[in-house]
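Here is the structure we will look at, set down as structure tokens.
Naming follows writing order (A, B, C and D), and every chain is counted from residue 1.
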Amino acid sequence: MDSALIPQGVKRCPFPQFALWIGFLSIFMLWAVVAAGVAWIKGLNTTNLNDYFGFGAWITADLAVIALGGGAFFTGFMRYILGIEDFKHILNFAVIIGFVCYSSALVILGLDVGQPLRSWFIFWHANVHSMLTEVAFCISCYFTVLTIEYIPLVLENRQLDKIPLVHNFSHNLHRIMAVFAATGAFLSFFHQGSLGGTVGVLFGRPFGFREHFAIWPTAFFLFIISAMACGPCFTILVTRITELITRKKLVKQNVIAKLAKVSGWLMVAYLALKMIDTVYWAMVTLPNMGVSVMDMYPESPFTIWILIAELGFCGAIPAIILITEKGRNNNFLLVPATILSCFGAILNRYVMTVQTLALPVLPFDKFVNYIPNWVEWVTSLAPFVYLALLISLSYRYLPVFPQEKELNP
Amino acid sequence: MKEEHKEGAHGHKEKYKYGMVIDLDKCTGCGACMVACMTENNVPFRKDESNKLVSTAWMRVFKATNGKSYPDIDVCYFPRPCMHCEGEHGHAPCVSVCPATATDYNYETGIVSQIYTRCFGCRYCMAACPYHARYFNWWDPVWPDKMEKALSPDVSPRMRGVVEKCSFCFHRFQRARDHAYAEGRREIREDEYQTACTQACPADAIIFGDLNNPEHKVYKLKKSPYAFRLLERLGTNPKVYYLSTRSWVRRAGDNYLAGERSK
Amino acid sequence: MSAQHEKKESAASSPIVIVFFIIGLAVSLFVGWSIFPKLLYSQKKQPIDFSHSIHLDAVGDCESCHFFREDGSFSGIPELSNCVECHEEAQGEDPEEIKLIENYIEPNKEIPWLVYSRQPDCVFFSHAAHVKMGELECKTCHGMIGESDHVEIYEENRITGYSRNIWGKSIGGFKSNTWDRMKMDDCAECHEEHGTNQACFVCHK
Amino acid sequence: MSLGRRGFLQFCLGAGAGITFSPLPWKLMDDISIWSQTFRGIPIEVPVPPVGEVNIEKSVCTLCPGGCGISVRKIKNRAVKIEGAEGHPINDGGICILGVAGLYQLYGGARVKGPLKRAGNRGEGKWEEISWSAAISEISKKLSQIRRNGSAHTVACISGKDRGTVPQLFKRLLTAYGSPNFISMPSSEDTERLGLKLMQGEDASVGYDLENARYILSFGSGLIDGWGSPVRVFRANSAWREEAVKGLAKVVQIEPRLSNTAAKADRWVPIAPGTEAALALGFAHVIIKERRYNKNFVMNHCFGFEDWTDNSGKVHKGLKRMVLKDYSPDVVSEITGISVSKIVALAREFARAKRPLAVCGRGKGSTPEGLQEFMAIYALNTLVGNINKTGGVRALPEVRTTAWPGVAQDAIAKRGMNQPRFDRAGTKAFPVTESLFNQLSGLMNTGKGAYTLSALLVYGANPYYTAHDKAAVAEALDSIPFIVSFSSHMDETAQHADFILPSHTNLERYEDVPTPAGLNVPIIGLSRPVVDPEYDTKHVGDTVIALGKSIDGIADSFVWDDYESLLKETMGGKWDTLIGEGYWKDAGYSPAAWSSGFKTPSGKFEFFATGLYRAGIRSHNDNDYLPRYKPVVLEGDPGSYPLVLIPIESTRLADGAVANPPYLTKTVADTVLKNNDIFVEVNPKTAAAYGLSEGAVAMLKTPTGEVKVRTHMYEGVRPGVVAIPTGLGHSAYDDYLSGKGVNANEVIGTVEDPISGLDIAWGSRASLVGII
């Protein structure tokens, strides 16, 4: 039915099966659109956010998807700037993931403001001292970069490519892609960092506040490294899931293994720095504010176990797996490791957002917890469905995996 | 009155530095300040305001206890307006984080502003404020029956989706200044500019004035041995001082490590 | 595409395509500078064609009608009671005066003036600060309105609902007199020049 | 490429360039920016309050009897803010939470917008709008008919208070009409006036010189929880705090719960509920035993301290003998739960203190205390000799105003006035009491009344809400066939009326405000119309005059044109001062000297209330005439009701006839009201004993009724005590008020004082059972 659109030389499932799958995903997306509509039209009183939790599921989701989408910039950085050619086989895919993550982040940010009609004031009346301004600028710019990176791939569709103008255009774009990749990498370093800075600069919030290094709080750097580490893990994880669903090998193991290795060593570096940071925070920063580290982990779910889970189960364990050759070449270890690593990143972003706000700072104030409601859950989880949707469409109609033909003769 | 123009660290003219001293011994927790503030500043009310996490009260009275059991328990009320933090050189926790410059620190009065038409409701400032002094308009404001008639034109009513907070009744400063100008004066007298809560407080527990002016009551009171500020150790440099002769109350104003001595 | 072909085509069409470019440019400039403002503003007539110049001759100064109150606030547009002081009964046969008496004074109804300088609700403007302390003249901001014989048509911005006088009559935003525009930037410009406070809570409420 | 296509492209390019260099995109952007800033919501638009000239109007607040001066800020004709009037002798610029929210009474919901006549069943809420003239003529026709039938005495009036021209007008209406049944709602002032009459022989209220007192012994008075004239007491409290820092003042609060007053006091004495009189007498014991009393005053100006002999030669017991015998610290300690050493120490402190003062009237003083309890606490003031002294107590006379012409009573009126009062006040049963609202429900529901009431006028009161044992009161009042309410708001009582003749609110009318309870100097305030009436309402005074003029045979007593001229005439020479200052203060007032201060037959202060004997109360037990602790027997057996329920009265919840504006409800903590659930406070120990956790839902049962509540654990409540907030649980008014929590009066019954007959229920027996 749609065979004319499918790249040449690859096999795809029958159209009705595909349509069913897309339909299934679309229902969830529709639900998310309804939730977003409710929030936009009726206002944020339809969420469980409140004056104590100005930030909640949405900001967590924002920070998390951007960390997970970090695979795009980092793979691009390694491919184009460091010239590691192997990564070109997975770069397309990483770009799609990045595109989904960043567009989701933008939509969620748009949801999270009380006056969406004025959300462009962040550019129009920008305050350059605000971390959020930096985030908004960099995310928007980098999203443009990702779009530019994604367009050539779209244009490589069999039917589109037949149009000479389109063909030439995408060809020319390819040639200058390195410039965009470099720009993207530069932007990404900043906004990944400024997302960390968003919480790190809050000197009224002992849990989130971090001492400054140069003009940035240490969280700035930690966020960059953690995104560099977990982004590729997410790319690997999604690749493996795609392979599982399509029942095909799509990327050669050596590419995956190399990516896993880089990610593993970055995780080691991250953990080391994070430990130093945490110790300094616990020993110097907090006591100066009159609080002890255990005050920061007062009650469920915010006990010290959440820190152990983040750094131990979701940090050290996957790092060890990834840096050992056997580990990263064994799917039964590699996949759990990437899951743990991604979960660790989400947990970190959650803790930095929600725990920071949950802990009372005034001694006579109450500890308040926050649980998102359906509007927030649906819209926060929608990026994953959206990812499935876009991957499904791209995989079917675009030559996403350069090694697919070779691996599936 | 002696005209005092101090040069701030950033070269800003510091003409006034308005601040408050709240005597917790006198405060009875009656709540008149809260309602005086609401009626002065066009803060609306809803049918159910019992969820305090979404209930706007620019001035909120917190209740603190000494944590002891019957009959040794003691209670103290902490009225909490916006602290109008000076931070270091005007860098209040909330000001620098606002992405749209909807809030600023006025070096001439020491007042932290909030411009509702500029704010787009990202709530970053609320995350930054450890005092919970900032409130978000979760709902469209509704004034039932003829309550709209009671709205003051001096304060702009806020629409849904923006952040608001105590302004130290800045419009009263503007009013006082107009009056002074009309009489050919540049300086504003202490009694000419008082916030609505100060004026209403039936216990005279709230004192308001220029912290830099030795002739104002607050100047002397802030130096009392019983004076303290909330969360001073965070470096927020708030302009609201509290007085209490009870040492547990003074200790309740900030965080201390076990065994650490408080003021 | 062969080189020859290309060359031929460009040679043949370049002058003509430039014409297209110029047409496009001209049309859009015309639309932007001339049609757009006409679409943007609706025109409204004031309820009464008021002559400032006649009144100024009669009463002598602006302050008789636009005065400061004792508390330092400014009265702004006069209320009907000001008009009644002189126009309780018709002084002449001017149809506008008759309109005033029949439509407003007799039923004791305030005149719904359209205010050229109306600012948004979030703006606090102190006449005392500018006139009493800053010693600005009325015309610095309000222009020559005091000398006019007729009230001009009130042009209302269809998007914002404010008068055209705020942005200024020039759609390009050019201003040659201080009174040509009344936007925040114009306030800020003057404040900057005079070293006055630039904080938000000076002009906002 | 075709020419057309290239041409089009070029055209677009040119258009793009042109648009960029035209104002269109930039101006549009700017306009959209402004639009998005001023976008005020759909469909609810945020209003822009109109500007205009500011006018400040001075008046006096009448939302409570406190008499504070207010200044109302107006923009043209809109009242936008109520503030305390600077320089006013009562509040000097301060204002309480209710006063500052007062605009809700004017502009808010539940206003009765014009005269209404009931259309459906009682309380159904169906009304027919009716003109003022029709309403007055229908009502006066009905009342004329009752009068013609010889049942004039069966018409009653319930008024919120009995002092001031408006209540007096109602009283006059009844007097001219022929009914003795003018009933005012009770408060602790009733007991205090009675006590003063007996002990000092004066028709006066107790004036407490709080401002100058330096040792305040408060027997459960919510001094900063709304007692007396609230702002005035707040100010006095602040003065005490300033002195206390220097060690020159001390406040001791005796109360079963750590109220705000207790928390701010220098010492909290958590006493067993209802045993205050015993503690007072325990203090008296120590003071007398250690001879720490003011000998000059007690020996020369008091009667009944020592034993005395009457004309028949019978020896009567004096205070000294009784107290020394019955109230030793050991006994008192047993009753009150306060240690002997503390009793002795406090008594000594009180007696030694410079300017000591004992204060009574529980909470806000809305429930009267027992007569002998008042006498016991007041006796402490007597013993230390602070009567008529600076920082002490005094009998405060009423401000004198021009007397009205006498009531022209015809034969029907005279016959009616000779009937006994329905509530038995002033009859043989309760000879010393003037008015006994609480007797109504008992007499009516059991049919034991001397006659049945056929009509009721209600003004300034909301008995369907504020009376103890709400259900019984509702049953009784419902049995009256004709009820006219004069309320400005659709309160619970108005809801059950047959006619509502809505009165102007406090900001729309003139009214005189008599000296508030507890004040130390005689003062009269003038409440003035600040804005034009919002609705088709009428001044209640004018309504009463109109009724008086149109009821057959009584018009001669209502000669005034309107209320305003009546008020002006009544105030006479004080009117100009009232208009100018807003109040008239008796500047020359000072309390009388001891030698001439007492109007009793003995000319002395009487510990032994001989007035009771003269009024016809006969007892062989001398204790019945003396200050005394007589345990209040609460209904219900301790087995099934093991706990004691007490009310929590707070400034943040108006619990009287004026209902709580939503601004106040907004300030109430979520441990008092959450959604529509009310929280009762219990000590964690009590909670543990009954298996209740924080926030647990429970049934609160008392012999009077049962209600669903949630529990809040609070260390500041005595174990074994449950405390319930008052002022919630309205069923009338608007959505902002009704349906929130529970009315405490549903579970608090009535307890009769044996002498005065007043309801002195300070609480109830109760049980608290968790609901899973």
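Observations
Going forward, a contact is a pair of C-beta atoms (placed from the backbone, for glycine too) under 8 Å apart; a residue touches a chain by one contact, two chains touch by 3 or more.
The model shown is predicted, which means the values in this text are computed figures rather than measured ones.
Listed by label, the chains touching chain A and chain C alike are B, D. Farthest from chain D in terms of Cα centroid separation is A.
Chain-level centrality, scored on Cα centres against the all-protein Cα centre, points to B. If you compare B-C with A-B, the chain pair joined by more contacting C-beta pairs is A-B. For the pair chain B and chain C, the distance between mean C-alpha positions equals 38 Å.
Mean C-alpha positions place chain A and chain B at a centre distance of 40 Å.
Rounded to a whole number, the gap between the C-alpha centres of chain C and chain D is 57 angstrom. Chain D has its Cα centroid 33 Å from the Cα centroid of chain B. Chain contacts: chain D has residues 37-39, 48-49, 51 touching two or more partner chains.
Residues of chain B found to touch two or more other chains are 51, 55, 63, 65, 117-118, 140, 157, 159-160.
Residues of chain A in contact with two or more other chains: 115, 118, 121, 124.
Chain pairs that touch one another are A-B, A-D, B-C, B-D, C-D. By the touch rule above, chain A contacts chain D in their complex via residues 115, 117-118, 121, 124.
Chain B contributes residues 51, 53-56, 62-65, 78, 93, 96-102, 118-124, 126-132, 134-140, 159-163, 230-231, 233-236, 251-258, 260 to its touches with chain A in the complex. Of all the residues in chain A, the ones that touch chain B in their complex are 43-45, 49-55, 112-116, 118-119, 121-122, 124-127, 129-133, 136, 198, 201-206, 287-292, 295, 356-357, 361-365, 368. Touching chain B in their complex are the following residues of chain C: 68, 70-73, 120-122, 124, 126, 128-129, 132-133, 197, 199-202, 204-205. The touching residues of chain D, counted against chain B in their complex, run 37-41, 44, 46-52, 73, 75, 78-84, 91, 93-97, 99-101, 103-104, 106-109, 111, 224-225, 230-231, 234-235, 237-238, 241-242, 244-245, 258, 260-261, 263-264, 268, 270, 534, 651-652, 662-670, 673-676, 683-685, 715-719, 734-736.
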